[in-house]
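Note that the chains are named A, B, C, D and E in the order they appear, and that numbering of residues resets to 1 at the start of each chain.
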Amino acid sequence: MSEFLLSVAAALLIASGCLFFLAGTVGLLRLPDFFCRLHATTKCDAVGGVLILLGVALVAGADGQTVRIVALIALIAISSPTAGHALARAGWHAGHRPWTRESGEKEKSHEPE
Amino acid sequence: MRNALALVVVIVLAGLMMAGVSQLPPPGSPDGAVHRHVAAHYIDGGKEAAGAPNLVTAVLLNYRALDTYGEVVVIFAALLAVLAVGLAGHSRGPQRGADELPVSPVVDLVIRLLAPFIALFALFMILEGHVLPGGGFQGGVVLGALMILLGLVLGPRRLRRMLPTPALFWTRSVALLAFALVAVAGLALAGWLFALPEQYWLRELIIVGLELAIGIGAAFALVGFYLSLEADRHR
Amino acid sequence: MRPISLIAGLFVFWLVLTAGLGGWSALLGLFLAGTIGLTSVRVLARHEEPALSAGELVGLTLYGFGLSALILPAAWQVLRAVMQRRIGVDPIVIEHRTALRRRLARVALANSITLTPGTHCVDLDGDLLTIHCLEPRFAEPILEGVLEQRLARLLERQA
Amino acid sequence: MSALLWGALLFLLVNAFACLVRAVVGPTLPDRIVAANVIGTKTVVILVLLGVVRDQVIWLDVALVYGLLSLTISLVVGRLIETGRLRDLEAKS
Amino acid sequence: MSPNDVFDLLILVLLITCALAIARMKDLAAAVILFSVYSFALCLLWVHRGAPDVAMTEAAVGAGITAVLFFYTLARTGRREK
């Protein structure tokens, strides 16, 4: 019984993790500029990755696998926001200015119909 | 026209490759062609001949040790070439000195926190590489990556002070020479290159020593690349 | 981190990596952990700041769990926003001065802001945070300083 | 359980494929790096899933190496761009 | 088709797309990034084929250190293919 509950919990975690990854991908493809895309990817990667790895840790064998997965979870949870911040700062100092609604509409009106 | 031709060639080659892959036996299947002839001999004899539980390491350090040695020499030669070009060349791009944008405190702190663990992981790969996957070269690369990260945090100048050029040079050379020494010792003692002695602990020691030599050689070669690419900016 | 707790942490990490390789390997690990720990404290530690203690590390881990309880429902909102047929984002950039003084606390704040949906830390310079928000309403909890207070309780208790 | 893991694995692979579009299209260099970073994270998760499906503990070490090096790339490239040493061709300023 | 085959097929398509894109790319920095993505995919294929050692080398060298060194080189030369 408890084993059944465990695998249901794992399945839920993995499925929701996949959902977050999907959101990250969609955000990466659809959002208007670099900073907005970073929003989608950093969060969804960190949250989705941690959720999936937690789910996997629940069903993995006990022989060293689970502890290693915990180490990986810690690595993802630390590295994902740091990499996101480093890239955002790089773009900011390289002179990228964030897209805003006004600039987006201005660009649209300049486009030939 | 030439583009179209190239596309056709690529598509044909890709199709051939896919067809080939689809004919491969499922991964890990024991009756695949690769598992029946030479490999069987390696698997039977590898453990005694090389004394390394990880078969890949056994092959790399025994049957193909000369090959591995050649690879290490190639990296070393590449480094010499880069050093030669780097010393003659001059840097383009903006020359900035002390007024350069400081590294982000977030990146700084995270690298400082992670660095000891990365170092331990790299040494784990080097020292236990003959039991688990990994090995000298991979561990050395991770160690090199760690040093590049440290260069980011501490600045290349401080990294260079910690690892002065002569020390780098001598360590790399000694690592290379140690490898050669093991080969020659095998030739002198047992009659063929890279022969390993019978005693278990001595064999283990030599294998670990070899891995360490490869790892440190690779790591310091990478640091050499990095420092020579950074060098001109701070002269 | 203090040398002793760092060495202990490194040794535990080694044991995790070499699970079941036996006594010699553990001895080797102890030696390596000691060497690396002492070296990195000498090379990397900033001596002008108090070190991260083991208790604070546990506290930070718990804070991480608390943060995830905050993140998950809000992440769902962002997910829905992204999936709409027309993406209605209205990004703004705000600046916020934090009252936290410890470098560690500031970095933890920056990373939690990055992880909280709708906000992304762009720059951290001294006590000045530059934050990119997907919509103006996401900026409010930052300016109110909810996370900041939690971190202050955790890491700057003596002050 | 194994079917679910395989499903998640293939799903993530398709996702990585979609992210490749952003890496190819750009338009700016940071965009491409973000895409590469996302693909890197997905690969780490795929590796773990693969290791568990096949019951190979040691494959998780490969995932660790992966996570570390993909972090290294992001940090180093970010640093090169922000100091202006790797100029971004499309930057508007 | 078993999941194994689907996996192989997807990775191969990914590899080919990457390779084509690298060849077409005029911006060298973008080519380096795509090359690291290529290595990511190739490493998955190695692991799937049961060669974790090769995969580890690929991950360490192909995806990691080569890209970093290439970027340092690009910072010292230029980004456009001439």
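In this section, a contact is a pair of C-beta atoms (placed from the backbone, for glycine too) under 8 Å apart; a residue touches a chain by one contact, two chains touch by 3 or more.
The shown structure was predicted, so the numbers you read here are calculated from the model rather than taken from an experiment.
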Touching chain C and also chain E, the following chains
B
More Cb-Cb contact pairs, comparing B-C against D-E, go to D-E
Taking the mean of all protein C-alpha atoms as the centre, the chain whose own C-alpha mean lies closest is D
Tell me, please, which chain's centre (mean of its C-alpha atoms) is farthest from the centre of chain A?
B
Between chain A and chain E, centroid-to-centroid distance (C-alpha), Å:
21
CA centre of chain A versus CA centre of chain D: separation in Å?
11
Give, as an integer number of Å, the spacing between the C-alpha centres of chain B and chain A.
31
Any chance you could list the residues of chain B touching two or more other chains?
93, 101, 104, 106-107, 110, 113, 121, 125, 132-134, 138, 142, 145, 148
Multi-chain contact sites of chain A, meaning residues that touch two or more partners
38, 63-64, 68, 71, 78-79, 82, 85-86, 89, 92-93
Where chain C touches two or more other chains at once, by residue number
13, 17, 110-111, 121, 123-124
Chains touching one another, given as label pairs in label order
A-B, A-C, A-D, B-C, B-D, B-E, D-E
Which chain A residues qualify as touching chain C in the complex?
19-20, 23, 26-27, 30-33, 35-36, 38-40, 42-44, 46-47, 50, 63-64, 67-68, 71, 77-78, 81-82, 84-85, 88-89, 92-93, 98-101
Chain C residues within the chain A interface of the complex
13, 16-17, 19-20, 64, 68, 71-72, 75, 78-79, 82-83, 87, 89-93, 110-111, 114-115, 117-118, 120-124, 130, 132, 134
Given the complex with chain B, which residues does chain C contribute to the contact?
1, 6, 9-10, 13-14, 17-18, 21, 25, 28, 32-33, 36-37, 40, 43-46, 103-104, 106-107, 110-111, 121, 123-124
Given the complex with chain A, which residues does chain B contribute to the contact?
101, 104, 106-107, 110, 113-114
Inside the complex, what are the residues of chain E that reach chain D?
3, 6-7, 10-11, 13-14, 17-18, 21, 27, 29-30, 33-34, 36-37, 40-41, 43-44, 47-48, 52, 55-56, 59-60, 63-65, 67-68, 71-72, 74-75, 79-80
